[in-house]
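Read through the structures below before going on.
One chain, subunit A, appears in both complexes that follow, with subunit B as partner in the first and subunit C in the second.
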Partner chain A sequence: MLDSSTNAAAGTLVSASRRRRRARDRALHGVVPFLLILPVVAVIGVILGYPLYWLVKLSTERYGLFELIQHKGVWVGLDNYRSVLGDAVFWRTLLRTVVFTIANVALTMVLGTLIALLLVRVSSWVRLVLSSGLVLVWAMPVVVAVQVWYWMTNFQNGVVNYVLTELHIGDFFQHDWYATTFSQLSLTTMLIVWGALPFVVITLYAGLAQVPGDLIEAAEVDGARSWRIFFDITLPILKPILLILTSLSIIWDFGVFTQPYLLIGQSKITTGNYLMSIYLFEEGYFKSDFGRGAAISILMLLIVAALSVVYVRKMVRMGEASA
Partner chain B sequence: MKRRSTVALSLVVVLAAALTAATSGATQRAAANNITVWLQVDAQSGWPDLVASVNKQFQSAHPGATVNVQYQNWGDHLQKFDATIAGNSVPDVIEMGNTEMTKYMAAGAFAPLDKSTFDNSANWLKGLAASGKFGGKTYGVPYYAGSRVVTYRTDLFKKAGIKKLPASTAEYVADAKKLAATSSKKGFSPVYIAGTDWYVAMGFVFDYGGGIATEVSGKWKGLLDSPKSIAGLTAYKNFFDATSKASKTTDESHPNPYDVYAQGGAASMIGQSWFTCCVGAKYKASTAQFVMPGHVKGQALPGFLGGSDLAVPASSQNKALAAEWIKDFTSTASEKTLQAKGNIPNATNLLGSSVNERAAARSWFVPTAKHWVDVENGNILRNMLAQILNGKLSVKQAAASASDNIARVLNQD
Partner chain C sequence: MSAPRRARRARQAGWDAVGLLVFAVMVFPVFWMISTALKPDDQIISETPTWLPLQPTLKHFRDAIERPFFWEDVKNSLIVVLATVAISIVLAFLAAIALARYGFSGRKLFIVLVIGIQMLPQAGLIIPLYVVLGRYHQVNALSGLIITYLTFVLPFCVWTLRGFLLGIPKELEEAAMVDGSTRLGVFVKILLPLMGPGLVATSVFAFITTWNEYIFARVLLNDQSKQTVTVWLSYFLGTSKHTDWGALMAASTLTAVPVIIFFLLVQRRVVFGLTAGAVRG
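Showing the complex of A and B:
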């Protein structure tokens, strides 16, 4: 009796301490993830939150040259947003930029996939040459690349005009590649796609390595044609990578500035060929209207978020499915 | 669901990062007696020896002082200046185009200067002195002015059998036909003018009695669609078509006209008088200049009287030293050197009778409106010229739309 009672007492004691430990473990388990993520959140908060706070604040202020010199803006509420949204140039620029972005992203993704598929099939030395070429493109700084393209398409001495003329495609002597908005933006698209391909190709090539060879073999044995294999086997396996690349490309291409601004050149930039980033730069910086510029960049942020929401949702769903 | 929102949130944050990433150009913080001077590249290519000798003189007069000259481009120097204002690290001296001064003086960007301490200040060129004055105070010291003249190849003019320099635009066009035959080079221009060089084009507009904009009872009114302006623009188009093989959409620095000339691509070119600096060793001896003729025989085409002022930003740490440097750089001796390089000196008592100075006798200037600089930066005139030369719009249509745009920009508050 005594034994059993002490035993029982000891039992409750043991189980109580075990329970306490378990509870503590559980609490710790709850806290640890948050502790782990804390440094990242703190860093992001400082690096992004702080400037974002100032950007939002700036967008609600009249902040021109006078205010810049005083280092103090005047609160105007939503006036900057009202003025931007009421500007016909904004809406035309937005439409142009959306079309421009779609063209860029589509070309980048389609060409990127095709080249990645090609990389798998070619012999190893061709693959070596191709991928070193891609890495060299990647390594070239944007400003240098723009300068090279600018010279190639030069009116007077450009090699493009020379080659096209020599190939008897037509008389391209002194052909002006910057004469129309369409031509200007097409050149910009070529430059951007050319620069974006290496990253897309190399990433997709890595993804293609995950496609199991026996699966394809089995499909071939079953008599599936190559396009069927591509759409039913390769594509589903590449899907997560394609989604990430597409949404990244949308973000990059929607806000692209360096290539169009430098290639087209400041003296040819007019309201008729604005892209969103250039609109932001011209309205905000050239006119020294920083409050309005801030409002434009907040709007751009929201638009990109809206544009990529489809992809983000798909990616998130995929993440949930695999978890 | 919770997880989805966290992922979405982090993506929004990443998006924000991609978009808000901004570049900032910072100049080094000035030491006690170190001054930073922003000059335009014109000084770098045209008279670097003057800059060097003035710095030497300045440093020997102010032992221990250093001058850091940073050359800037016209295209983006104001944006860089804005960035330095925001970052409290402004240059101590800045060269400003005379069309750029008003906006900055009105905003209080510059420190007032004591006019009487500068050489020849009583005789400063009227137009330049006015561009540096605001509310009765002097903020800008005239640096130099320049008109636009014709720089030409004497050997080719001789080869073409031109004995007398053209006295009217019609004569010049007739000469251009002869000049075209003097070179077998493809794309050779008898008169090189970049298509959207509005400084030349507006000369035609003013030659026919037109204008850009005028202030009528406190409101700006565009003038480019007036019949006289349209006549001028049409004359420009005809002159360009007959004489220049330059791109119809390019500006006067892509390429530099003197580079085309130095490569043997032109028999003559219209531009700043200091273009003689860079015509290349091959043509140096056979290069001369004359005043661009207008459509009335014997009368010059009105030239844009461009010029630069030197100003001291209000938040400079070394205002006194900066003013001292400006004094040296605009001294009588310095101005004489600038004059020898083909510029117009800043004071009437220094004026000579060079081609450039004669050309300045008939000149025009941009509307003195606070927002004029926005018209320039918005490329309204360049766009109009490209449309006219390309034939995308008629002169009348292009002029009407540009005129409306200009009035809208100038009438902003």
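Showing the complex of A and C:
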């Protein structure tokens, strides 16, 4: 090998050229990661950065259909923000969305944890059946799930009314599930929780594998009750995963659009059952009031950004650690 | 059989029964969709439901396919999905290598960007995207939808591929470098084959996300012949009073089938691998 040459003259020559190459390598090494991320940064910068700049600009302008065609808005300062923040519908929608989000997230996390614990208890063939079923549900496109929900809860031939009546839970003959706001939003919650459970259950089940079995056995031998074992051993180990899943669910459910928009149906959407995304869609896009819509968007983005801080910080720390 | 053992057996059977009950409740909507799609009309609208389609018919599937714009919109979906996935995977793989293998200044900022974008509520961006894309004649054009999807699929792919890359020991590449391989050689001969499953898994997930997307497609594509299949399905009911439930469920099944097949194909490795990777602390 040339490297181990003992010839003094050749040695100095080799080491000089090697030094140069190493220096070049180091310089290259410094540039390589930037070259690697350049395409992604460029794409995101252009396709997201530019519209975000426009979002801020639009929110200070009167920008309707006329201005859209003219390609030019009229500067109005903070009027759009004043109009939104002075709108009782905005505050009612915000409150409704917060309550809706809390209900969705609480149901998702509690049911998700229970099913994940169940997955540990059942025989292996039941585990295979149940987890395959969960994956099947996970794979269902949201728009498809909405149609199926709509059909199952149809007042005339919906299977839900039939089953509830047969089970003697009450008389649901031709019961209209879309009659009240509460009922509409409850159906939406069920749809969202149903769709979110597979991801939550399977992630938590993976997390439960980290719970040391001998620790639980030892606790059982010592006569600890199962709820004690859950709260003292299982829960602390699951805590980081639960935290991530909860913050993700909060962010997703706060901004949810497709399920409520399509399930409640455009004809039945009123200011009385708005959620934040729908408020934004109807007031900004549907009414072609893009300036005001932009102001609503910014307020919504700020709220979600505040909600995301915990999650993003945790994930960034993870990403940093694994360098 | 001793008494405690019998008690344990009974308890196990109890848990199994609960497990199967949960399975039945969760899967029922999927079952009901397929069952309705296959049943003749009189069974669909009878007072007492028919659970199993014992006289299956393909009539509803024919009706669904013959609806206007079905094939156009399937084609649109495929174009948008394939273009988005292909571009995303290539660009994201490069960025993922940078994240998983290099330390560089601005790395943290880049991670914040990648994670943060995935948290943006999509509804919050429809207004500026609609206005900006309109200025460049990208509204009602598939290309406009593709570049919109890129911004959301790219960060997801970067983060997921980074997770898969971290699972491949650095030492393999270092050993090859010592043996005189070039950077490109290491990439082609070692990283690419080992990343095969990760690339497939990430592509499938990107495929599914893009295929299922609704709000951007709804806002950015107005022409019925230009829409994607999820928007087509959302308009299926229309305004008619007598809903053709059979055709609607057949159309729903057709929309879901590509996704379900892909998902089930890769589920074992991917689903559990992805979630494990996503929360690995």
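As a convention for this text, the second predicted complex is superposed on the first by the 252 of 323 C-alpha atoms of A that agree within 3 Å, B and C clash if a C-alpha of one lies under 4 Å from a C-alpha of the other, contacts with A are read in each partner's own complex, and residues count from 1 in each chain.
In the analysis below, a contact is a pair of C-beta atoms (placed from the backbone, for glycine too) under 8 Å apart; a residue touches a chain by one contact, two chains touch by 3 or more.
These figures come from a predicted structure and were not determined experimentally.
Student: Touching A:V144, do we find subunit B (first), subunit C (second), both, or neither?
Tutor: Second partner only, subunit C.
Student: Spot which of subunit B and subunit C makes contact with more residues of subunit A, would you?
Tutor: C
Student: Touching A:V76, do we find subunit B (first), subunit C (second), both, or neither?
Tutor: Neither partner.
Student: Just subunit B (first), just subunit C (second), both, or neither: which does A:V32 touch?
Tutor: Only subunit C; A:V32 stays clear of subunit B.
Student: First (subunit B), second (subunit C), both or neither: which does A:R127 touch?
Tutor: In the superposition, A:R127 touches subunit C alone.
Student: Considering only touches as defined above, state whether A:L301 meets subunit B (first), subunit C (second), both or neither.
Tutor: After superposing on A, A:L301 lies in contact with both subunit B and subunit C.
Student: Can A:V312 be said to touch subunit B (first), subunit C (second), both, or neither?
Tutor: A:V312 sits against subunit B and subunit C alike.
Student: Quick one: is A:L48 in contact with subunit B, with subunit C, with both, or with neither? Answer first, second, both or neither.
Tutor: A:L48 contacts both subunit B and subunit C.
Student: Just checking: does A:F155 make contact with subunit B only, subunit C only, both, or neither of them? Give me first, second, both or neither.
Tutor: In the superposed model, A:F155 contacts subunit B only, not subunit C.
Student: Given the touch rule stated above, what does A:T258 touch, subunit B (first), subunit C (second), both, or neither?
Tutor: It touches subunit C, and subunit B stays clear.
Student: Touching subunit B in one complex and subunit C in the other: list those residues of subunit A.
Tutor: In subunit A, positions 44, 47-48, 51-52, 55, 68, 71, 156, 251, 255, 285, 297, 300-301, 304-305, 308, 312, 315-316, 319-320, 323 sit in both the subunit B and subunit C interfaces.
Student: How about subunit C: which of its residues touch subunit A in the complex?
Tutor: These residues of subunit C touch subunit A: 12, 15-16, 18-20, 22-23, 26-27, 29-30, 32-33, 36, 44-46, 48-49, 91-92, 94-95, 97-100, 102-104, 107-108, 110-113, 115-117, 119-132, 134-135, 147-148, 150-151, 154-155, 158, 162, 166, 183, 208, 211-212, 214-215, 219, 230, 233-234, 236-237, 243, 245, 248-249, 251-253, 255-256, 259-260, 262-264, 267, 271-272, 275-276, 278-281.
Student: For the complex, which residues does subunit A have touching subunit C?
Tutor: On the subunit A side, the touching residues are 29-30, 32-34, 36-37, 39-41, 43-44, 47-48, 50-52, 54-55, 58, 63, 68, 71, 115, 118-119, 121-123, 126-127, 129-130, 132-152, 154, 156-157, 159, 162, 194, 197-199, 202-203, 206-207, 240-241, 244, 251, 254-255, 257-258, 262, 276-277, 280-281, 284-285, 290, 293-294, 297-298, 300-301, 304-305, 308, 311-312, 315-316, 318-320, 322-323.
Student: Within the complex, which stretch of subunit A touches subunit B?
Tutor: The touching residues are 44, 47-48, 51-52, 55, 64-66, 68-71, 155-156, 173-174, 176, 178-179, 251-252, 255, 265-272, 282, 285-288, 297, 300-301, 304-305, 308, 312-313, 315-317, 319-320, 323.
Student: Using the touch definition from the top, list the residues of subunit B that touch subunit A in their complex.
Tutor: 3-4, 7-8, 11-13, 15-20, 22, 75-76, 78-79, 82, 85-86, 103-104, 106-109, 186-187, 196, 245, 247-251, 253-255, 260, 265, 314-315, 374, 377-380, 382-383, 386, 390
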